[in-house]
Amino acid sequence: MAVSGVGAVSAAGLGADALWTAVTERRVLTGPVTRFDMSRYPARCGAEVPAGAVADLDAMVPGHESLAARFLAAGALEALRHAGIPEQGRGRLLGVFVGTVMATRPVLDRGIGSGRLDVPGRTWADPDALLATLREVVTVTGPTVLFAPGCAAGNSAVAAGARAVAAGEVDVAVCGGVSELSLEILAMFTSLRALAVDTVRPFDVNRRGTIPGEGAGVLVLERVDRLVARGGRPLARILACAAAADAHNPTQPHPDGNGLVSTIHGCLDRARLTSDDVDWVCAHGTGTQASDGIEARAVAKALAGRRRPVVSSIKGQFGHAEGAAAALEAIVAVRALADGLVPGNVTLVEPDPACGGIDLVEPAGRRAPLGVVLSQAFGFGGGVSTVLLGRGDRATG
Amino acid sequence: MPPVDDCLAVRGLGLRLPGVADAADLARLVAGGPLPPVPLRRFEAPDTDLGPVDRRTQAPVEPRIPAAVAGRGLRALPPESLLALAAAADAGTAAAGGPPDRWLAPSVLDPADAGPAAVLWASSSAGLTEYATICVEASTLDPGLSSPIIGPASAFNGPAATVSIRLGIDGPNETLTGGTTAGLAALVEAARLVSYGDAARALVGGSATVSRWSVAGLADGFVAGEGAGCLAVSPGRDGEPGIRLGRFHRTTLDRSDLAAGCRDLLRTVCGPAGGPVAAVVSTLDTELVRTLADDRVRPVWHLERALGDFGAAGGLLAAACAVAYCASAPAPTSVLALAIEPSGNAAILEVSSWGAPTSSSGWWGDNSRSVGVSGSPT
Amino acid sequence: MAQRGVVSAAVLRDLAAEIFEVNPDEITEGAAFYEDLGIDSVQKVEFVVRIERQLGVRLTDEEAAGLQDFGDTLAVLRDRGISVGP
């Protein structure tokens, strides 16, 4: 299964290049939220798609009440053009697989003020509207499937797209994850006392919570032979996908990370690889106290081998982009494989001794050839979805 | 690559629908039985500028949580999660009751060594009231004073998460949303997960709840649907009598002529003639259903017109109707479940029975009664 | 709980019992929220927020995190000058 194109909208702006450049330049993109008035909130940070980038969308995609719908369409156009696949016309069997957490619901947030809630229109009640802009700019001939399984959404979409391609249901799977910054989510995390005041520091002993982000990540999947036959070259390969559930608690991961361990084993078994073959774990690492520790222990256990697993989270730079997070991370994994750079834990100051079982990448990152990357995601509700990626130029990764 | 079509047998059906006591009841409706009257109910959203609205809706559906899964921890759950849990628990245990075959394990509540079970759930209303409540609280209370318990329930995945957590199901856990096709797509994804070995069996459901918030997302002119349905599925064996999920197809039809696209789709799945005795259609396009019915190839039953708009759960409930019908009619019987959205996004699934139930009480030991196979309920 | 600055322990106990889904008798001053009552952290934060809403006080993150049992809760409220009756 080949990744033949990628597209991104992120706190770094428009484009997968902007995303990857921000990673390599170690830019921290969280900061005070400008889209909502958070002056009375104790923690006021987000990782917003910059206002200039939002304005630039006007030249690329039609307008829509849902910013997320426009992020998704822009990401899909970029990914299809990157893959060299015409976005219009019924001459190819193309399906769309999208993951989100809140779909169009954040449109409702605009009515939050003081006093009565001023309810804008009804787009917020229609999750399918998330796909409206994409449908305007891309001719979809296969199925469109919208997943909302919590924060593993992006990986769920990649996995479903990969299954559809493998089954021959579609030739081209446009797989994406998307979210727009939501004041509802900021209010929720404020009440849960889970927001960092200044910086997300995944796996740091002084981590103080997460910061919500936003954006869209889109990957185009095709069979390698089809891609090669039309003169293309895989950017990377999807070696395996696996999903599981903690079946434990609505908001807390299982203390042993059971679901995560199960998906890591599932991916390795399916790809016939071992722990030692995994060169980098692109972690979920949200910067919350309990979750990072559980993830570190689970990864150490699931990938026990000759060396400690090499782990970093990009959420110190991009915040937690919720529905977009796993898809953006998959794109970072694709670029890391192509460029031979393991991104660092940019905001890590003092590694948590409780995370000693994993090899936390220093902020500068590491120049090293990568063959295989594991990218994992989980969220409220206990759903876990993990994707194993390999280099585009190798048969087995 | 293992074939995905024809791989799943239905092991149980759980229903929480207003005025529908069991699968046989649902089958009678599909066969043209009289529909219950639906009262007007008033919905309000205090502390907002949304005015009250009157909408035809059945009285709230009681979850009736089975004793085996009741207990502490349910009080804070949204009603839709409770409906989902109840329907899923019924579907998962129905097979334990009897013939013709069992869920690979005695029940999904006791999975033994049957392999991982997946949960796939379709909903467009789950979490919406909770999301709106947090928005209202963010407007009317100081920051940090919105309810911490409600917040995490404001996403779509409450039903799937609740089913997994309360029933201890640790396989893939997916929630699908969007239009009516989502519910059928959930069954397709379940078939894929089983066929690729990601899961040995699955609980596949859909649900909807009605509030002042959810009615804003529903089409005008339909009853606002509330309730849940769930199918328990696992691989079928060759020659095994029972109810099978057969051929399916997902596509996007050309919006300019949905009727022609639908006819092509029906031919793709069932050939030019014969085969399925009826089609259960989930769509908000009443005109399209009328056109299909006018073709007089087979009776067409319009889920939304009969039971109401259930949003993303519509496709799943269409499949549940087809299953209920096949369970109550003499085998072999085949019924199509079809979902079409205004965008052209569409899915179709063939549900069939063959062989005879080994118990006079029907496929799942419930009080299924035979229904007629004729009638044009549209 | 209508009067600001005054609350009865019995009312708080009923509130905790409702959120924790236990019998009010189980909410003794020394029963540990997590170990003895088996609640999760979100239930505890819900309890804190409901107290904050009803009494008009705000607890710091440290104070909220430090509440191990019902006795701690009463002590924190008394520290804030709230009169806790029986």
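Letters A, B and C mark the chains in the order given here, with residues in each chain numbered from 1 onward.
The definition used in the following text is that a residue touches a chain if its C-beta (ideal position, glycine included) is under 8 Å from a C-beta of that chain, and two chains touch if they have at least 3 such contacts.
By chain, with names taken from UniProt: B = Beta-ketoacyl synthase-like N-terminal domain-containing protein; C = Carrier domain-containing protein.
Because the structure is a prediction, the values reported are computed rather than measured.
Trainee: Counting only C-alpha atoms to place each centre, which chain is farthest from subunit B?
Mentor: Relative to subunit B, the chain whose C-alpha centre sits farthest away is C.
Trainee: When B-C is set beside A-C, which has more C-beta pairs in contact?
Mentor: Top pair by contacting C-beta pairs is B-C.
Trainee: On a C-alpha centroid basis, what's the spacing between subunit A and subunit B, in Å?
Mentor: Their C-alpha centroids are separated by 29 Å.
Trainee: Between subunit A and subunit C, what distance separates the C-alpha centroids? Give it in angstrom.
Mentor: Those two chain centres are 38 Å apart.
Trainee: Which residues belonging to subunit C are in contact with no fewer than two other chains?
Mentor: 42, 45, 49
Trainee: Give me the residues of subunit A that touch two or more other chains.
Mentor: Within subunit A, residues 191-193, 249-251 contact more than one other chain.
Trainee: Could you check subunit B for residues that touch two or more other chains and list them?
Mentor: Those would be 144-148, 152.
Trainee: Taking the complex as given, what residues does subunit B use to touch subunit A?
Mentor: The touching residues are 1, 4, 45, 47-50, 116, 118-119, 124, 128, 131-132, 134-140, 142-148, 151-158, 160-162, 164-165, 167-179, 181-182, 185, 188-189, 192-193, 196, 198, 213-214, 216-218, 250-252, 254, 312, 341, 343, 345, 347.
Trainee: Per the contact definition, I'd like the list of subunit A residues that touch subunit C in the complex.
Mentor: Listed in rising order, the residues are 191-193, 249-252, 290.
Trainee: Where on subunit C is subunit B touching in the complex?
Mentor: Touch residues, subunit C against subunit B: 18-19, 21-22, 42-43, 45-46, 49, 52-53, 58.
Trainee: Going by the contact rule at the top, pick out the subunit B residues touching subunit C in the complex.
Mentor: Result: residues 72-73, 75-76, 141, 144-149, 152 of subunit B touch subunit C.
Trainee: Looking at the complex, which residues from subunit A come into contact with subunit B?
Mentor: Against subunit B, subunit A makes touches at 38, 40-42, 90, 95, 101-103, 105, 108-109, 111-119, 122, 124-128, 130-131, 135, 140-150, 156, 160, 163-164, 166-169, 183-184, 187-193, 242-251, 258-259, 262, 266, 380-383, 385.
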